[in-house]
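By letter and in written order, the chains are A, B, C and D; residue numbering begins at 1 in each of them.
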Amino acid sequence: MIQSIGLAVNLDKPNATEIASALTESITARGRRVFVDEAAAAAIGRPDLGLSLDAFPGRVDVVFILGGDGTLLGYARRFARHGLPLLGFNLGHLGFLSEAEPGDLDQAVHRVLEGNFDLEQRMMLEAEVRRQGRLVDRLLALNDFAVGKGSLGRMATLRVDVDGMYVDRFAGDGLIVSTPTGSTAYSLSCGGPIVVPHLEVVILTPICPHTLSARPMIVAADRPIRILALANHSDLGLSADGQVHLRLQPGDEIVVQKSPYYTTLVQWRERRFFDVLRQKLRGAEDR
Amino acid sequence: MIQSIGLAVNLDKPNATEIASALTESITARGRRVFVDEAAAAAIGRPDLGLSLDAFPGRVDVVFILGGDGTLLGYARRFARHGLPLLGFNLGHLGFLSEAEPGDLDQAVHRVLEGNFDLEQRMMLEAEVRRQGRLVDRLLALNDFAVGKGSLGRMATLRVDVDGMYVDRFAGDGLIVSTPTGSTAYSLSCGGPIVVPHLEVVILTPICPHTLSARPMIVAADRPIRILALANHSDLGLSADGQVHLRLQPGDEIVVQKSPYYTTLVQWRERRFFDVLRQKLRGAEDR
Amino acid sequence: MIQSIGLAVNLDKPNATEIASALTESITARGRRVFVDEAAAAAIGRPDLGLSLDAFPGRVDVVFILGGDGTLLGYARRFARHGLPLLGFNLGHLGFLSEAEPGDLDQAVHRVLEGNFDLEQRMMLEAEVRRQGRLVDRLLALNDFAVGKGSLGRMATLRVDVDGMYVDRFAGDGLIVSTPTGSTAYSLSCGGPIVVPHLEVVILTPICPHTLSARPMIVAADRPIRILALANHSDLGLSADGQVHLRLQPGDEIVVQKSPYYTTLVQWRERRFFDVLRQKLRGAEDR
Amino acid sequence: MIQSIGLAVNLDKPNATEIASALTESITARGRRVFVDEAAAAAIGRPDLGLSLDAFPGRVDVVFILGGDGTLLGYARRFARHGLPLLGFNLGHLGFLSEAEPGDLDQAVHRVLEGNFDLEQRMMLEAEVRRQGRLVDRLLALNDFAVGKGSLGRMATLRVDVDGMYVDRFAGDGLIVSTPTGSTAYSLSCGGPIVVPHLEVVILTPICPHTLSARPMIVAADRPIRILALANHSDLGLSADGQVHLRLQPGDEIVVQKSPYYTTLVQWRERRFFDVLRQKLRGAEDR
């Protein structure tokens, strides 16, 4: 049973402090503990509830994330290895990951305490970056890794191998390696398909490929994907979820694998993937 | 061990009889039985080797198919429930399914008899068509089912549900339900992704959708997909592998599911999916 | 000055008779003549205002079309050679061609009588179909011509020449030849670009092309486009604006040229192409 | 009549010096003057033929460019205001702009001196970049301008107006403004259509747009296109022909207009746009 709830708040969002205050009261009124990340605790005038985010695991049973999908992505990477369930509260646009709307705070608290929700496990990816044989960085992503050229750079040429088999060279703006969760994000903008969240597959989506026959590709999630940055690109980078950035050098090798960690999302039973999809992607009147 | 080989020959292809004759000799010279489909047996002047295709299962250990990918698709559906391994011999363009080239007949026979090959299981789909509650037809496909409007018809509007959940209405030229094997066929022409053959997923690809936000979708293979033909379409049809056609009526319901049957393909170990893909889809010089 | 207005009414649309009645009154109250197509005149109980559509040219100065873009397309082809200005009243979805909304009937009449509008000339296309050298049909289109395979047909292969120069063979579901006006219709669904209405260009858009390198192409409007139906297609058709259909035979030759006729649209000055475009195509919330 | 030929040589290309030497001899043997850019003159051991590129206009009647399409783009911008005809010699891949192949040097010289060629005028674009009202740079392009985010940047949001009319906001990786000549370059990789070279239109192609309804757009060439860099993009840039780069700041305004200058290309009469297109884009065997 849920005894203790942590609040992680994106203070840049409108009404973030009001909603954090209201949630704090609602949880307390129901007799459960609430911890608030230190910055937000100060912002709402309750430093007594403040807790370092690093101390959340072990002290809270679920984290309420106040922000949008972008905010949730960051906390997903941060709490991934602790398996903490996350419930996103949308403080902006309708989200794919954020389940609760600011209008139903009280009901959301009630549902969570009643256990009236599902826990959905979302596959994550890890990337290891090797430079001249040495590991230079290791990144985690819930949505995607993107290897891409910069605005001042020339075309990127990437060699891709999957499970030790040579796939192809991709010349163009770059390549995305996406989870099903990320299939509705950057990969979709680049022509990738929509993938239902629970499938254990990975989407390789070329970004503006020079060769017209280069197309999005679906491969198994349990095989390593190796991307080699060929040639001389002065301005090549790797991004995790579009949020963490690493400058690459020619010859760098990126190996992407399924992470052993999953993001655990609190989801309302009646709010289904396809319903959100229709709402998010459509809405324009028919021609 | 392979004791008996059946030949199924597409006599419309160039050199079909010559290659059938050569294969017959090569197999016989190696001391194994060969059966030839009756039309081809007559065409090569060996009626003594003729055997009805219906009698192939039980009498032959593997079927050599002389034609192209289209020919193989037809035999795949025909022999699906008997689990007969199929080896395609390309008599035309390079194929995704046909493994052997006419130039290496003898070596192909040798490899098969030596057991120097892999058997790859390819997922198939079944469709049941219901009209006013009654089952009117049941079809099998290795590549895909396409529900589409005719050249003289108006836009098709289809309602799709997956696993009992409403997905969306698709207005446009129609919808493809494809296996991974079919991902490099019609679905690719309609913007679908390439899916490696062994994944157990299904691709839903809208055909020229009216709504720009309608995109290819990857769903699990073990959930039923229900397509309802809405409104009044005078000229709507269902195709299996682009080869078997059924005229639909408004209100018809098509339920597509993973078939219990798989197509078993004889494949050379060194000829990998990605290699064929590069050869088939690329080739144009870079811009 | 506008002295006489014709009403052409799509009686299948909701509220068509009410709106026709209201327009009739509004026009009459302002002291101008109104004629109503005979079916609609009967439907609104004013057979005295009935006039055959064939008699509209010469008797009316402008035609009000009650329906949607589809209705307007039909009247555009019908009245093309008479240069009659057309004003569409939307009885359904927001339209690209239909300018007036049912909510502002009175104001629309007022604007028209005041001359408070622009007349926009929209390029049209003509197609001649030749079979074994003989002209078998001649069609007109405001949006597009589509040469396509039927739902039961196999892939269409079309040879295209522009201005006597060989362009390519297109294998797939077919080919669209579109005006700028048609660029937001079927061509857009097939991946074609949006073209601002006044440009004198033609868009060639392959429909689900087999070859991934086949792409939409923009050519000059004043050069003949010749499409040759190759090979044996049992089920090939030609459509004008998706409304007039002609069954084709293998070997048929279609020559598409700019029509000498233009459709003249009554347009409000403040309602601009890009505004309608944003409203029609967008509307979905951002991801 | 051609009396004097200038050679502009990309010394990074294989065989550049050999081909430059051979051309020099071939031209001299035919009794015409040849000038070679100073670096190349030194490289081929003929400093006596060296001439500064700046001195080419006025001294040479035509410039032979040894390199590829990329090399030619650079010289096109350099010589644009002088109207010098350019003939590209391909030292790499088949090119859209480079007409002559290294195998037919002598014949190419012969044709040029005989006047056996066409001169094709290719539209160019100019961009003015304004920062807080001040003009900060002015660029020229034969292919395209691209406004885009860098590999480490966040999504770019650009507001576009054409001819003073608001078009839309484009969120995504950026936007390309392309000439017909550039339609087969970067714009094509981003989903833009192919436009025959002589049309006076401009292609606006969104790069990986966030909104699925954002599509390539064709507008008239004689209307100014204004792009406003909205919001806070740390890493936004403007490129001309993918070769000249300018870092942008939020609030920067780019106004793209048709240039008064055209690039004049020497073209063989029998080598037509559609022929090159088929060769460059196709070549892959059919599926």
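Heads up, the rule we're going with is that a residue touches a chain if its C-beta (ideal position, glycine included) is under 8 Å from a C-beta of that chain, and two chains touch if they have at least 3 such contacts.
Note that this is a predicted model, so its numbers are computed, not measured.
Participant: Quick one: how many steps at least from chain A to chain C, stepping chain to touching chain?
Facilitator: The fewest touching-chain steps linking chain A to chain C number 1.
Participant: Could the interface between the copies chain B and chain C be described as same, meaning over half of its residue numbers are common to both, or is it different?
Facilitator: Since more than half of the residue numbers are used by both chains, the interface counts as same.
Participant: Work out the mean Cα position per chain and let me know which chain is farthest from chain B.
Facilitator: D
Participant: Let me have the rounded angstrom distance from the C-alpha centre of chain B over to the C-alpha centre of chain C, please.
Facilitator: 40
Participant: Distance-wise, how many Å sit between the C-alpha centres of chain C and chain D, to the nearest whole number?
Facilitator: Between these chains, centre-to-centre, one finds 38 Å.
Participant: Where in chain B do residues touch two or more other chains at once?
Facilitator: 188, 191, 210, 212-213, 215, 281-282, 284, 286-287
Participant: Over in the complex, which chain D residues touch chain B? Could you list them?
Facilitator: By the definition above, chain D touches chain B via 93-94, 96, 184-185, 188, 212-213, 215, 279-287.
Participant: Tell me, which parts of chain D touch chain C in their complex?
Facilitator: 162, 165-168, 171, 180, 183, 188, 191-196, 198-199, 201, 203, 210-213, 215-220, 272, 274-275, 277-278, 281-282, 284, 286-287
Participant: List the residues on chain C that touch chain B in their complex, please.
Facilitator: Those residues of chain C that touch chain B are 148-155, 172-174, 186, 188-191, 207-210, 212-213, 235-237, 239, 242, 245, 247, 281, 284.
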